[in-house]
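Note that the chains take the letters A, B, C and D in the order they are written out, and that residue 1 is the start of every chain.
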Amino acid sequence: VTQFEDSVLPLTVRPADLDRLGHVNNAVALEYCEAGRWDWLERNGLDGGGEVAAVVARAEVDYLAEIRTGPVQVRTVLVSPSGADLGELTYQARFQQEVRSPGTSRPAVQAVVTVAFISEQTRGLVSLQDFLDDRTHPTRSPTESLT
Amino acid sequence: VTQFEDSVLPLTVRPADLDRLGHVNNAVALEYCEAGRWDWLERNGLDGGGEVAAVVARAEVDYLAEIRTGPVQVRTVLVSPSGADLGELTYQARFQQEVRSPGTSRPAVQAVVTVAFISEQTRGLVSLQDFLDDRTHPTRSPTESLT
Amino acid sequence: VTQFEDSVLPLTVRPADLDRLGHVNNAVALEYCEAGRWDWLERNGLDGGGEVAAVVARAEVDYLAEIRTGPVQVRTVLVSPSGADLGELTYQARFQQEVRSPGTSRPAVQAVVTVAFISEQTRGLVSLQDFLDDRTHPTRSPTESLT
Amino acid sequence: VTQFEDSVLPLTVRPADLDRLGHVNNAVALEYCEAGRWDWLERNGLDGGGEVAAVVARAEVDYLAEIRTGPVQVRTVLVSPSGADLGELTYQARFQQEVRSPGTSRPAVQAVVTVAFISEQTRGLVSLQDFLDDRTHPTRSPTESLT
(Lines give C-alpha, C1' and ligand atoms only; values in the text may rest on other atoms or scores of the structure.)
Protein backbone atom coordinates (compact mmCIF):
# COMPACT_ATOMS: atom_id res chain seq x y z
CA VAL A 1 0.00 0.00 0.00
CA THR A 2 1.50 3.29 -0.96
CA GLN A 3 -1.20 5.89 -1.31
CA PHE A 4 -4.59 6.47 0.31
CA GLU A 5 -7.55 8.33 -1.15
CA ASP A 6 -9.32 11.09 0.75
CA SER A 7 -13.02 10.64 1.48
CA VAL A 8 -15.88 13.14 1.22
CA LEU A 9 -19.05 11.67 2.74
CA PRO A 10 -22.44 13.37 2.36
CA LEU A 11 -24.69 13.00 5.42
CA THR A 12 -28.14 14.26 6.36
CA VAL A 13 -28.66 16.04 9.70
CA ARG A 14 -31.42 14.24 11.61
CA PRO A 15 -33.84 16.14 13.88
CA ALA A 16 -32.57 14.19 16.90
CA ASP A 17 -29.08 15.60 16.23
CA LEU A 18 -30.22 19.12 17.11
CA ASP A 19 -30.12 20.70 20.54
CA ARG A 20 -32.33 23.31 22.11
CA LEU A 21 -30.79 26.07 20.00
CA GLY A 22 -31.51 24.18 16.78
CA HIS A 23 -27.80 23.42 16.25
CA VAL A 24 -26.15 20.04 15.80
CA ASN A 25 -25.00 18.90 19.26
CA ASN A 26 -21.24 18.95 19.86
CA ALA A 27 -21.07 15.21 20.55
CA VAL A 28 -23.03 14.40 17.39
CA ALA A 29 -20.35 16.13 15.31
CA LEU A 30 -18.00 13.37 16.48
CA GLU A 31 -20.52 10.80 15.21
CA TYR A 32 -20.32 12.49 11.80
CA CYS A 33 -16.52 12.25 11.93
CA GLU A 34 -16.73 8.57 12.82
CA ALA A 35 -18.99 7.96 9.82
CA GLY A 36 -16.39 9.81 7.74
CA ARG A 37 -13.58 7.54 8.91
CA TRP A 38 -15.62 4.44 8.10
CA ASP A 39 -16.18 5.82 4.61
CA TRP A 40 -12.45 6.46 4.31
CA LEU A 41 -11.77 2.83 5.25
CA GLU A 42 -14.30 1.59 2.73
CA ARG A 43 -12.95 3.81 -0.03
CA ASN A 44 -9.49 2.42 0.61
CA GLY A 45 -10.59 -1.20 0.76
CA LEU A 46 -10.03 -1.44 4.51
CA ASP A 47 -13.56 -2.03 5.74
CA GLY A 48 -14.89 -5.42 6.62
CA GLY A 49 -14.77 -7.16 9.92
CA GLY A 50 -11.35 -8.47 10.81
CA GLU A 51 -9.59 -9.38 13.98
CA VAL A 52 -8.10 -5.93 14.50
CA ALA A 53 -10.26 -2.98 15.48
CA ALA A 54 -9.44 0.72 15.13
CA VAL A 55 -10.31 2.66 18.29
CA VAL A 56 -10.14 6.40 18.96
CA ALA A 57 -7.24 7.33 21.24
CA ARG A 58 -7.58 11.12 21.09
CA ALA A 59 -9.81 13.70 19.45
CA GLU A 60 -9.23 17.45 19.16
CA VAL A 61 -12.30 19.20 17.87
CA ASP A 62 -12.80 22.88 17.02
CA TYR A 63 -16.35 24.10 16.64
CA LEU A 64 -16.14 27.08 14.31
CA ALA A 65 -19.73 27.61 13.26
CA GLU A 66 -23.14 26.17 14.05
CA ILE A 67 -24.55 23.40 11.89
CA ARG A 68 -28.28 23.51 11.23
CA THR A 69 -30.65 21.05 9.64
CA GLY A 70 -29.90 19.99 6.08
CA PRO A 71 -27.13 18.14 4.24
CA VAL A 72 -23.51 18.17 5.43
CA GLN A 73 -20.23 16.86 4.06
CA VAL A 74 -17.52 15.13 6.07
CA ARG A 75 -14.03 15.28 4.58
CA THR A 76 -11.46 12.79 5.90
CA VAL A 77 -7.73 12.88 5.15
CA LEU A 78 -5.01 10.66 6.60
CA VAL A 79 -2.22 12.97 7.76
CA SER A 80 0.02 10.53 9.64
CA PRO A 81 1.74 8.38 8.78
CA SER A 82 2.37 10.10 5.46
CA GLY A 83 3.70 8.50 2.30
CA ALA A 84 7.35 8.30 3.21
CA ASP A 85 6.67 6.86 6.68
CA LEU A 86 4.17 4.24 5.67
CA GLY A 87 6.71 1.47 5.68
CA GLU A 88 7.85 2.13 9.25
CA LEU A 89 6.38 0.46 12.26
CA THR A 90 3.74 2.65 13.89
CA TYR A 91 0.97 2.11 16.41
CA GLN A 92 -1.24 5.04 15.52
CA ALA A 93 -2.82 6.81 12.58
CA ARG A 94 -4.03 10.39 12.55
CA PHE A 95 -6.85 11.84 10.49
CA GLN A 96 -7.77 15.44 9.76
CA GLN A 97 -11.50 15.86 9.33
CA GLU A 98 -13.90 18.63 8.45
CA VAL A 99 -17.67 18.91 8.63
CA ARG A 100 -19.24 21.60 6.50
CA SER A 101 -22.52 22.58 4.91
CA PRO A 102 -22.27 22.23 1.12
CA GLY A 103 -21.34 25.47 -0.60
CA THR A 104 -19.87 27.18 2.46
CA SER A 105 -16.36 28.53 2.23
CA ARG A 106 -15.14 27.29 5.59
CA PRO A 107 -15.82 24.23 7.73
CA ALA A 108 -18.17 24.32 10.73
CA VAL A 109 -16.13 21.68 12.57
CA GLN A 110 -12.45 20.72 12.28
CA ALA A 111 -11.12 17.65 14.03
CA VAL A 112 -7.84 15.82 14.41
CA VAL A 113 -8.54 12.24 15.43
CA THR A 114 -5.86 9.76 16.46
CA VAL A 115 -6.73 6.09 16.28
CA ALA A 116 -4.95 3.09 17.74
CA PHE A 117 -5.38 -0.57 16.89
CA ILE A 118 -6.33 -3.42 19.17
CA SER A 119 -6.61 -7.13 18.67
CA GLU A 120 -10.18 -8.20 19.40
CA GLN A 121 -8.87 -11.48 20.77
CA THR A 122 -6.06 -10.35 23.04
CA ARG A 123 -7.39 -6.80 23.62
CA GLY A 124 -3.76 -5.70 23.29
CA LEU A 125 -2.38 -2.92 21.10
CA VAL A 126 -1.14 -3.93 17.69
CA SER A 127 0.53 -1.93 14.91
CA LEU A 128 -0.94 -0.11 11.93
CA GLN A 129 0.74 -2.75 9.79
CA ASP A 130 -1.15 -5.49 11.65
CA PHE A 131 -4.36 -3.58 10.99
CA LEU A 132 -3.61 -3.21 7.29
CA ASP A 133 -2.65 -6.87 6.98
CA ASP A 134 -5.85 -7.91 8.72
CA ARG A 135 -8.07 -5.80 6.49
CA THR A 136 -6.40 -6.58 3.19
CA HIS A 137 -6.22 -10.36 3.66
CA PRO A 138 -9.81 -11.20 4.51
CA THR A 139 -9.44 -14.82 3.58
CA ARG A 140 -6.92 -15.40 6.35
CA SER A 141 -8.95 -16.59 9.31
CA PRO A 142 -8.39 -15.26 12.83
CA THR A 143 -7.03 -18.58 13.98
CA GLU A 144 -4.44 -18.64 11.24
CA SER A 145 -3.34 -15.12 12.01
CA LEU A 146 -2.37 -16.20 15.51
CA THR A 147 -0.04 -18.98 14.45
CA VAL B 1 -54.22 22.09 0.26
CA THR B 2 -55.87 18.95 -1.00
CA GLN B 3 -53.14 16.45 -1.79
CA PHE B 4 -49.83 15.62 -0.18
CA GLU B 5 -46.80 14.03 -1.76
CA ASP B 6 -45.12 10.96 -0.26
CA SER B 7 -41.47 11.27 0.73
CA VAL B 8 -38.59 8.84 0.20
CA LEU B 9 -35.52 10.00 2.13
CA PRO B 10 -32.10 8.39 1.65
CA LEU B 11 -30.02 8.21 4.84
CA THR B 12 -26.63 6.77 5.75
CA VAL B 13 -26.28 4.46 8.74
CA ARG B 14 -23.64 5.87 11.10
CA PRO B 15 -21.34 3.60 13.14
CA ALA B 16 -22.80 5.01 16.36
CA ASP B 17 -26.24 3.75 15.27
CA LEU B 18 -25.14 0.12 15.59
CA ASP B 19 -25.41 -2.02 18.69
CA ARG B 20 -23.28 -4.89 19.90
CA LEU B 21 -24.69 -7.23 17.27
CA GLY B 22 -23.80 -4.80 14.47
CA HIS B 23 -27.47 -3.96 13.86
CA VAL B 24 -29.12 -0.53 13.92
CA ASN B 25 -30.45 0.01 17.46
CA ASN B 26 -34.24 -0.15 17.82
CA ALA B 27 -34.47 3.43 19.15
CA VAL B 28 -32.34 4.76 16.29
CA ALA B 29 -34.88 3.42 13.79
CA LEU B 30 -37.31 5.96 15.29
CA GLU B 31 -34.73 8.70 14.62
CA TYR B 32 -34.73 7.63 10.97
CA CYS B 33 -38.54 7.86 10.92
CA GLU B 34 -38.41 11.33 12.45
CA ALA B 35 -35.99 12.44 9.73
CA GLY B 36 -38.44 10.99 7.21
CA ARG B 37 -41.33 13.02 8.60
CA TRP B 38 -39.27 16.22 8.45
CA ASP B 39 -38.49 15.46 4.83
CA TRP B 40 -42.21 14.90 4.21
CA LEU B 41 -42.97 18.31 5.72
CA GLU B 42 -40.31 19.95 3.61
CA ARG B 43 -41.50 18.25 0.41
CA ASN B 44 -45.00 19.52 1.11
CA GLY B 45 -43.91 23.07 1.95
CA LEU B 46 -44.68 22.66 5.65
CA ASP B 47 -41.22 22.99 7.16
CA GLY B 48 -39.94 26.15 8.70
CA GLY B 49 -40.27 27.31 12.26
CA GLY B 50 -43.74 28.46 13.15
CA GLU B 51 -45.70 28.84 16.32
CA VAL B 52 -47.18 25.35 16.15
CA ALA B 53 -45.07 22.25 16.71
CA ALA B 54 -45.85 18.68 15.68
CA VAL B 55 -45.14 16.20 18.50
CA VAL B 56 -45.33 12.43 18.49
CA ALA B 57 -48.35 11.12 20.42
CA ARG B 58 -47.99 7.41 19.64
CA ALA B 59 -45.66 5.14 17.69
CA GLU B 60 -46.19 1.51 16.72
CA VAL B 61 -43.04 -0.01 15.32
CA ASP B 62 -42.49 -3.48 13.87
CA TYR B 63 -38.90 -4.62 13.48
CA LEU B 64 -38.99 -7.17 10.67
CA ALA B 65 -35.34 -7.52 9.76
CA GLU B 66 -32.00 -6.26 10.97
CA ILE B 67 -30.46 -3.15 9.40
CA ARG B 68 -26.71 -3.18 8.95
CA THR B 69 -24.26 -0.48 7.95
CA GLY B 70 -24.82 1.21 4.58
CA PRO B 71 -27.50 3.35 2.94
CA VAL B 72 -31.17 3.12 3.90
CA GLN B 73 -34.39 4.66 2.59
CA VAL B 74 -37.21 6.03 4.73
CA ARG B 75 -40.60 6.15 3.02
CA THR B 76 -43.26 8.38 4.62
CA VAL B 77 -46.94 8.44 3.66
CA LEU B 78 -49.75 10.39 5.32
CA VAL B 79 -52.57 7.92 5.91
CA SER B 80 -54.95 10.00 8.05
CA PRO B 81 -56.63 12.29 7.47
CA SER B 82 -57.04 11.14 3.89
CA GLY B 83 -58.20 13.26 0.98
CA ALA B 84 -61.89 13.31 1.71
CA ASP B 85 -61.44 14.14 5.40
CA LEU B 86 -58.90 16.89 5.00
CA GLY B 87 -61.47 19.63 5.36
CA GLU B 88 -62.77 18.36 8.69
CA LEU B 89 -61.49 19.48 12.03
CA THR B 90 -58.93 17.03 13.40
CA TYR B 91 -56.29 17.13 16.11
CA GLN B 92 -54.02 14.38 14.86
CA ALA B 93 -52.28 13.15 11.75
CA ARG B 94 -51.06 9.62 11.15
CA PHE B 95 -48.11 8.55 9.04
CA GLN B 96 -47.15 5.12 7.75
CA GLN B 97 -43.39 4.77 7.45
CA GLU B 98 -40.93 2.18 6.25
CA VAL B 99 -37.18 1.86 6.60
CA ARG B 100 -35.47 -0.44 4.12
CA SER B 101 -32.12 -1.14 2.56
CA PRO B 102 -32.14 -0.13 -1.11
CA GLY B 103 -32.96 -3.02 -3.41
CA THR B 104 -34.58 -5.22 -0.79
CA SER B 105 -38.06 -6.49 -1.44
CA ARG B 106 -39.48 -5.83 2.00
CA PRO B 107 -38.94 -3.21 4.68
CA ALA B 108 -36.77 -3.83 7.73
CA VAL B 109 -38.92 -1.54 9.89
CA GLN B 110 -42.58 -0.54 9.57
CA ALA B 111 -44.02 2.20 11.75
CA VAL B 112 -47.32 3.94 12.26
CA VAL B 113 -46.70 7.29 13.92
CA THR B 114 -49.46 9.55 15.23
CA VAL B 115 -48.59 13.20 15.73
CA ALA B 116 -50.46 15.89 17.60
CA PHE B 117 -50.02 19.67 17.41
CA ILE B 118 -49.19 22.05 20.21
CA SER B 119 -48.90 25.78 20.38
CA GLU B 120 -45.39 26.71 21.47
CA GLN B 121 -46.80 29.68 23.33
CA THR B 122 -49.70 28.19 25.22
CA ARG B 123 -48.39 24.57 25.24
CA GLY B 124 -51.99 23.60 24.51
CA LEU B 125 -53.25 21.24 21.81
CA VAL B 126 -54.31 22.85 18.54
CA SER B 127 -55.80 21.37 15.39
CA LEU B 128 -54.18 20.09 12.21
CA GLN B 129 -55.74 23.08 10.47
CA ASP B 130 -53.97 25.44 12.89
CA PHE B 131 -50.71 23.65 12.07
CA LEU B 132 -51.26 23.93 8.33
CA ASP B 133 -52.22 27.60 8.63
CA ASP B 134 -49.11 28.29 10.69
CA ARG B 135 -46.76 26.60 8.24
CA THR B 136 -48.28 27.93 5.03
CA HIS B 137 -48.50 31.58 6.12
CA PRO B 138 -44.92 32.26 7.19
CA THR B 139 -45.30 36.00 6.83
CA ARG B 140 -47.87 36.14 9.59
CA SER B 141 -45.87 36.83 12.72
CA PRO B 142 -46.53 35.05 16.01
CA THR B 143 -47.80 38.24 17.57
CA GLU B 144 -50.34 38.76 14.84
CA SER B 145 -51.60 35.23 15.15
CA LEU B 146 -52.58 35.94 18.72
CA THR B 147 -54.80 38.91 17.97
CA VAL C 1 -37.73 -20.13 37.34
CA THR C 2 -41.18 -19.27 38.60
CA GLN C 3 -41.34 -15.58 39.40
CA PHE C 4 -39.67 -12.46 38.07
CA GLU C 5 -39.04 -9.21 39.90
CA ASP C 6 -40.10 -5.86 38.46
CA SER C 7 -37.39 -3.25 37.90
CA VAL C 8 -37.40 0.47 38.61
CA LEU C 9 -34.32 2.11 37.10
CA PRO C 10 -33.35 5.73 37.88
CA LEU C 11 -31.77 7.55 34.93
CA THR C 12 -30.54 11.09 34.35
CA VAL C 13 -31.71 13.03 31.30
CA ARG C 14 -28.66 14.19 29.32
CA PRO C 15 -28.64 17.51 27.45
CA ALA C 16 -28.17 15.65 24.15
CA ASP C 17 -31.49 13.85 24.78
CA LEU C 18 -33.45 17.08 24.41
CA ASP C 19 -34.89 18.45 21.20
CA ARG C 20 -35.52 22.02 20.09
CA LEU C 21 -38.49 22.36 22.42
CA GLY C 22 -36.42 21.29 25.43
CA HIS C 23 -38.23 17.93 25.65
CA VAL C 24 -36.71 14.46 25.59
CA ASN C 25 -36.79 13.28 21.96
CA ASN C 26 -39.33 10.56 21.16
CA ALA C 27 -36.64 8.11 20.00
CA VAL C 28 -34.58 8.68 23.14
CA ALA C 29 -37.52 7.51 25.27
CA LEU C 30 -37.03 4.10 23.64
CA GLU C 31 -33.38 4.19 24.73
CA TYR C 32 -34.59 4.72 28.30
CA CYS C 33 -36.90 1.71 27.94
CA GLU C 34 -34.03 -0.40 26.60
CA ALA C 35 -31.93 0.53 29.63
CA GLY C 36 -34.90 -0.47 31.79
CA ARG C 37 -35.10 -3.90 30.18
CA TRP C 38 -31.38 -4.48 30.72
CA ASP C 39 -31.85 -3.58 34.38
CA TRP C 40 -34.76 -6.03 34.54
CA LEU C 41 -32.52 -8.77 33.13
CA GLU C 42 -29.79 -7.97 35.62
CA ARG C 43 -32.19 -7.88 38.55
CA ASN C 44 -33.42 -11.32 37.55
CA GLY C 45 -29.97 -12.78 37.01
CA LEU C 46 -30.37 -12.91 33.24
CA ASP C 47 -27.69 -10.46 32.16
CA GLY C 48 -24.31 -11.52 30.94
CA GLY C 49 -23.27 -12.31 27.42
CA GLY C 50 -24.53 -15.64 26.21
CA GLU C 51 -25.16 -17.20 22.86
CA VAL C 52 -28.77 -16.04 22.69
CA ALA C 53 -29.68 -12.37 22.20
CA ALA C 54 -32.97 -10.66 22.94
CA VAL C 55 -34.07 -8.37 20.09
CA VAL C 56 -37.03 -6.01 19.89
CA ALA C 57 -39.74 -7.33 17.57
CA ARG C 58 -42.39 -4.66 18.20
CA ALA C 59 -42.79 -1.51 20.27
CA GLU C 60 -45.99 0.42 20.99
CA VAL C 61 -45.24 3.72 22.66
CA ASP C 62 -47.66 6.33 23.98
CA TYR C 63 -46.24 9.76 24.70
CA LEU C 64 -48.52 11.24 27.37
CA ALA C 65 -46.49 14.16 28.68
CA GLU C 66 -43.24 15.90 27.90
CA ILE C 67 -40.08 14.93 29.78
CA ARG C 68 -37.70 17.74 30.66
CA THR C 69 -34.21 17.75 32.07
CA GLY C 70 -33.68 16.05 35.44
CA PRO C 71 -34.01 12.55 36.88
CA VAL C 72 -36.45 9.98 35.48
CA GLN C 73 -37.54 6.50 36.50
CA VAL C 74 -38.11 3.59 34.14
CA ARG C 75 -40.42 0.86 35.45
CA THR C 76 -40.29 -2.51 33.67
CA VAL C 77 -42.73 -5.36 34.22
CA LEU C 78 -42.90 -8.67 32.36
CA VAL C 79 -46.53 -9.16 31.34
CA SER C 80 -46.28 -12.18 29.06
CA PRO C 81 -45.72 -15.00 29.56
CA SER C 82 -47.23 -14.74 33.02
CA GLY C 83 -46.72 -17.17 35.88
CA ALA C 84 -49.02 -19.93 34.73
CA ASP C 85 -47.69 -19.93 31.17
CA LEU C 86 -44.02 -19.85 31.98
CA GLY C 87 -43.60 -23.57 31.49
CA GLU C 88 -45.02 -23.54 27.97
CA LEU C 89 -42.97 -23.15 24.86
CA THR C 90 -42.99 -19.54 23.66
CA TYR C 91 -40.90 -17.48 21.27
CA GLN C 92 -41.61 -14.02 22.62
CA ALA C 93 -41.76 -12.06 25.84
CA ARG C 94 -43.69 -8.86 26.38
CA PHE C 95 -42.81 -6.04 28.76
CA GLN C 96 -44.91 -3.13 29.97
CA GLN C 97 -42.77 -0.10 30.67
CA GLU C 98 -43.25 3.40 32.02
CA VAL C 99 -41.01 6.45 32.08
CA ARG C 100 -41.90 9.11 34.60
CA SER C 101 -40.42 12.00 36.49
CA PRO C 102 -40.10 11.15 40.19
CA GLY C 103 -43.05 12.31 42.22
CA THR C 104 -45.48 12.69 39.33
CA SER C 105 -48.78 10.87 39.52
CA ARG C 106 -48.81 9.54 35.97
CA PRO C 107 -46.17 8.37 33.52
CA ALA C 108 -44.88 10.55 30.69
CA VAL C 109 -44.33 7.54 28.43
CA GLN C 110 -45.98 4.12 28.39
CA ALA C 111 -44.63 1.35 26.21
CA VAL C 112 -45.41 -2.25 25.42
CA VAL C 113 -42.31 -3.91 24.00
CA THR C 114 -42.23 -7.39 22.52
CA VAL C 115 -38.87 -9.12 22.30
CA ALA C 116 -37.86 -12.21 20.39
CA PHE C 117 -34.75 -14.36 20.83
CA ILE C 118 -32.12 -15.19 18.26
CA SER C 119 -29.10 -17.42 18.33
CA GLU C 120 -26.00 -15.32 17.67
CA GLN C 121 -24.46 -18.25 15.84
CA THR C 122 -27.26 -19.39 13.57
CA ARG C 123 -29.13 -16.01 13.49
CA GLY C 124 -32.30 -18.11 13.76
CA LEU C 125 -35.18 -17.61 16.18
CA VAL C 126 -35.02 -19.63 19.38
CA SER C 127 -37.46 -19.94 22.28
CA LEU C 128 -37.73 -18.04 25.55
CA GLN C 129 -36.70 -21.26 27.25
CA ASP C 130 -33.50 -21.36 25.16
CA PHE C 131 -32.81 -17.77 26.23
CA LEU C 132 -33.38 -18.55 29.92
CA ASP C 133 -31.21 -21.67 29.72
CA ASP C 134 -28.44 -19.69 28.06
CA ARG C 135 -28.46 -16.93 30.64
CA THR C 136 -28.79 -19.10 33.74
CA HIS C 137 -26.07 -21.59 32.83
CA PRO C 138 -23.14 -19.30 32.16
CA THR C 139 -20.60 -22.06 32.67
CA ARG C 140 -21.89 -23.96 29.66
CA SER C 141 -19.74 -22.79 26.79
CA PRO C 142 -21.17 -21.97 23.36
CA THR C 143 -19.46 -24.94 21.85
CA GLU C 144 -20.97 -27.32 24.37
CA SER C 145 -24.42 -25.91 23.80
CA LEU C 146 -24.21 -26.98 20.18
CA THR C 147 -23.44 -30.61 20.87
CA VAL D 1 -19.29 34.92 42.96
CA THR D 2 -15.70 34.14 43.77
CA GLN D 3 -15.45 30.38 44.12
CA PHE D 4 -17.02 27.51 42.21
CA GLU D 5 -17.71 23.99 43.42
CA ASP D 6 -16.57 20.94 41.47
CA SER D 7 -19.23 18.51 40.31
CA VAL D 8 -19.25 14.71 40.36
CA LEU D 9 -22.24 13.37 38.43
CA PRO D 10 -23.23 9.68 38.51
CA LEU D 11 -24.62 8.40 35.21
CA THR D 12 -25.82 5.03 33.95
CA VAL D 13 -24.46 3.66 30.67
CA ARG D 14 -27.38 2.86 28.36
CA PRO D 15 -27.28 -0.09 25.95
CA ALA D 16 -27.58 2.30 23.00
CA ASP D 17 -24.32 3.96 24.12
CA LEU D 18 -22.32 0.84 23.29
CA ASP D 19 -20.69 0.05 19.97
CA ARG D 20 -19.99 -3.25 18.30
CA LEU D 21 -17.15 -4.01 20.71
CA GLY D 22 -19.41 -3.48 23.74
CA HIS D 23 -17.61 -0.23 24.65
CA VAL D 24 -19.13 3.21 25.09
CA ASN D 25 -18.86 5.00 21.73
CA ASN D 26 -16.30 7.81 21.57
CA ALA D 27 -18.93 10.44 20.71
CA VAL D 28 -21.16 9.34 23.58
CA ALA D 29 -18.34 10.10 26.04
CA LEU D 30 -18.77 13.75 25.00
CA GLU D 31 -22.48 13.48 25.86
CA TYR D 32 -21.46 12.34 29.34
CA CYS D 33 -19.15 15.35 29.63
CA GLU D 34 -21.95 17.68 28.54
CA ALA D 35 -24.21 16.23 31.23
CA GLY D 36 -21.36 16.85 33.69
CA ARG D 37 -21.09 20.52 32.72
CA TRP D 38 -24.85 20.99 33.14
CA ASP D 39 -24.57 19.46 36.60
CA TRP D 40 -21.68 21.82 37.36
CA LEU D 41 -23.86 24.79 36.32
CA GLU D 42 -26.74 23.57 38.48
CA ARG D 43 -24.49 22.95 41.49
CA ASN D 44 -23.21 26.52 41.17
CA GLY D 45 -26.64 28.06 40.71
CA LEU D 46 -26.04 28.85 37.03
CA ASP D 47 -28.64 26.65 35.40
CA GLY D 48 -31.97 27.88 34.18
CA GLY D 49 -32.83 29.31 30.84
CA GLY D 50 -31.50 32.78 30.26
CA GLU D 51 -30.67 34.90 27.28
CA VAL D 52 -27.05 33.77 27.10
CA ALA D 53 -26.12 30.25 26.03
CA ALA D 54 -22.85 28.42 26.66
CA VAL D 55 -21.58 26.66 23.52
CA VAL D 56 -18.61 24.36 23.06
CA ALA D 57 -15.75 26.04 21.18
CA ARG D 58 -13.14 23.29 21.48
CA ALA D 59 -12.84 19.83 22.99
CA GLU D 60 -9.69 17.78 23.53
CA VAL D 61 -10.52 14.24 24.56
CA ASP D 62 -8.17 11.42 25.53
CA TYR D 63 -9.61 7.93 25.57
CA LEU D 64 -7.49 6.00 28.06
CA ALA D 65 -9.56 2.91 28.72
CA GLU D 66 -12.75 1.34 27.49
CA ILE D 67 -16.01 1.99 29.32
CA ARG D 68 -18.42 -0.92 29.56
CA THR D 69 -22.00 -1.15 30.75
CA GLY D 70 -22.74 -0.07 34.32
CA PRO D 71 -22.49 3.12 36.36
CA VAL D 72 -19.98 5.88 35.58
CA GLN D 73 -18.96 9.13 37.24
CA VAL D 74 -18.28 12.42 35.46
CA ARG D 75 -16.06 14.85 37.34
CA THR D 76 -16.11 18.49 36.19
CA VAL D 77 -13.71 21.19 37.36
CA LEU D 78 -13.44 24.77 36.13
CA VAL D 79 -9.76 25.41 35.39
CA SER D 80 -9.91 28.79 33.67
CA PRO D 81 -10.51 31.47 34.64
CA SER D 82 -9.17 30.61 38.06
CA GLY D 83 -9.86 32.49 41.27
CA ALA D 84 -7.53 35.42 40.74
CA ASP D 85 -8.66 36.04 37.16
CA LEU D 86 -12.37 35.85 37.77
CA GLY D 87 -12.82 39.58 37.88
CA GLU D 88 -11.17 40.17 34.51
CA LEU D 89 -13.06 40.32 31.26
CA THR D 90 -12.96 36.99 29.46
CA TYR D 91 -14.89 35.38 26.63
CA GLN D 92 -14.22 31.75 27.40
CA ALA D 93 -14.24 29.26 30.24
CA ARG D 94 -12.34 26.00 30.32
CA PHE D 95 -13.32 22.81 32.11
CA GLN D 96 -11.29 19.72 32.91
CA GLN D 97 -13.46 16.62 32.95
CA GLU D 98 -13.03 12.94 33.69
CA VAL D 99 -15.25 9.94 33.09
CA ARG D 100 -14.49 6.87 35.17
CA SER D 101 -16.07 3.70 36.43
CA PRO D 102 -16.60 3.89 40.19
CA GLY D 103 -13.76 2.39 42.17
CA THR D 104 -11.19 2.52 39.40
CA SER D 105 -7.91 4.26 40.09
CA ARG D 106 -7.68 6.17 36.83
CA PRO D 107 -10.16 7.78 34.47
CA ALA D 108 -11.29 6.12 31.24
CA VAL D 109 -11.73 9.48 29.51
CA GLN D 110 -10.09 12.84 30.16
CA ALA D 111 -11.34 15.96 28.42
CA VAL D 112 -10.53 19.65 28.31
CA VAL D 113 -13.55 21.54 27.04
CA THR D 114 -13.58 25.24 26.19
CA VAL D 115 -16.92 26.98 26.09
CA ALA D 116 -17.86 30.37 24.69
CA PHE D 117 -20.98 32.42 25.32
CA ILE D 118 -23.49 33.69 22.79
CA SER D 119 -26.51 35.88 23.07
CA GLU D 120 -29.55 33.95 21.91
CA GLN D 121 -31.01 37.15 20.51
CA THR D 122 -28.08 38.65 18.63
CA ARG D 123 -26.21 35.34 18.07
CA GLY D 124 -23.09 37.33 18.89
CA LEU D 125 -20.33 36.43 21.32
CA VAL D 126 -20.65 37.86 24.81
CA SER D 127 -18.38 37.66 27.86
CA LEU D 128 -18.29 35.20 30.74
CA GLN D 129 -19.42 38.08 32.93
CA ASP D 130 -22.49 38.55 30.73
CA PHE D 131 -23.23 34.86 31.12
CA LEU D 132 -22.87 34.98 34.91
CA ASP D 133 -25.04 38.11 35.13
CA ASP D 134 -27.71 36.45 33.00
CA ARG D 135 -27.81 33.29 35.08
CA THR D 136 -27.67 34.89 38.50
CA HIS D 137 -30.35 37.53 37.90
CA PRO D 138 -33.26 35.38 36.72
CA THR D 139 -35.83 38.03 37.57
CA ARG D 140 -34.41 40.38 34.98
CA SER D 141 -36.43 39.73 31.85
CA PRO D 142 -34.81 39.46 28.41
CA THR D 143 -36.42 42.67 27.30
CA GLU D 144 -35.01 44.59 30.24
CA SER D 145 -31.55 43.26 29.57
CA LEU D 146 -31.61 44.93 26.16
CA THR D 147 -32.45 48.40 27.40
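Basically, a residue touches a chain if its C-beta (ideal position, glycine included) is under 8 Å from a C-beta of that chain, and two chains touch if they have at least 3 such contacts.
Not measured: the values here are computed from a predicted model.
Q: Tell me which of B-D and C-D has more C-beta pairs in contact.
A: By number of C-beta pairs in contact, C-D is the larger.
Q: With over half of the numbers shared counting as same, classify the chain A/chain D interface as same or different.
A: same
Q: With chain centres defined as C-alpha means, what is the inter-centre distance between chain C and chain D in Å?
A: It comes to 31 Å between the two C-alpha centres.
Q: Using CA atom averages as chain centres, what separation in Å is found between chain A and chain D?
A: That gives a centre separation of 26 Å.
Q: Touching at least two other chains at once: which residues of chain A meet that condition?
A: Expected reply: 15-16, 21-22, 25, 27-28, 31, 34.
Q: Taking chains as nodes and touches as edges, what kind of graph is this: line, ring, star, complete or other?
A: Looks like everything touches everything, fully connected.
Q: What residues of chain C sit close enough to touch chain D in their complex?
A: Those in contact with chain D are residues 9-12, 14-16, 22, 31-32, 34-35, 38, 49, 69.
Q: Going by the contact rule set out above, which residues of chain A touch chain C in the complex?
A: 15-16, 18-22, 25, 27-28
Q: Taking the touch rule as given, give the residues of chain D at its contact with chain A in the complex, in rising order.
A: Residues 21, 23, 25-28, 30-31, 34, 53, 55-63, 66, 120 of chain D touch chain A in their complex.
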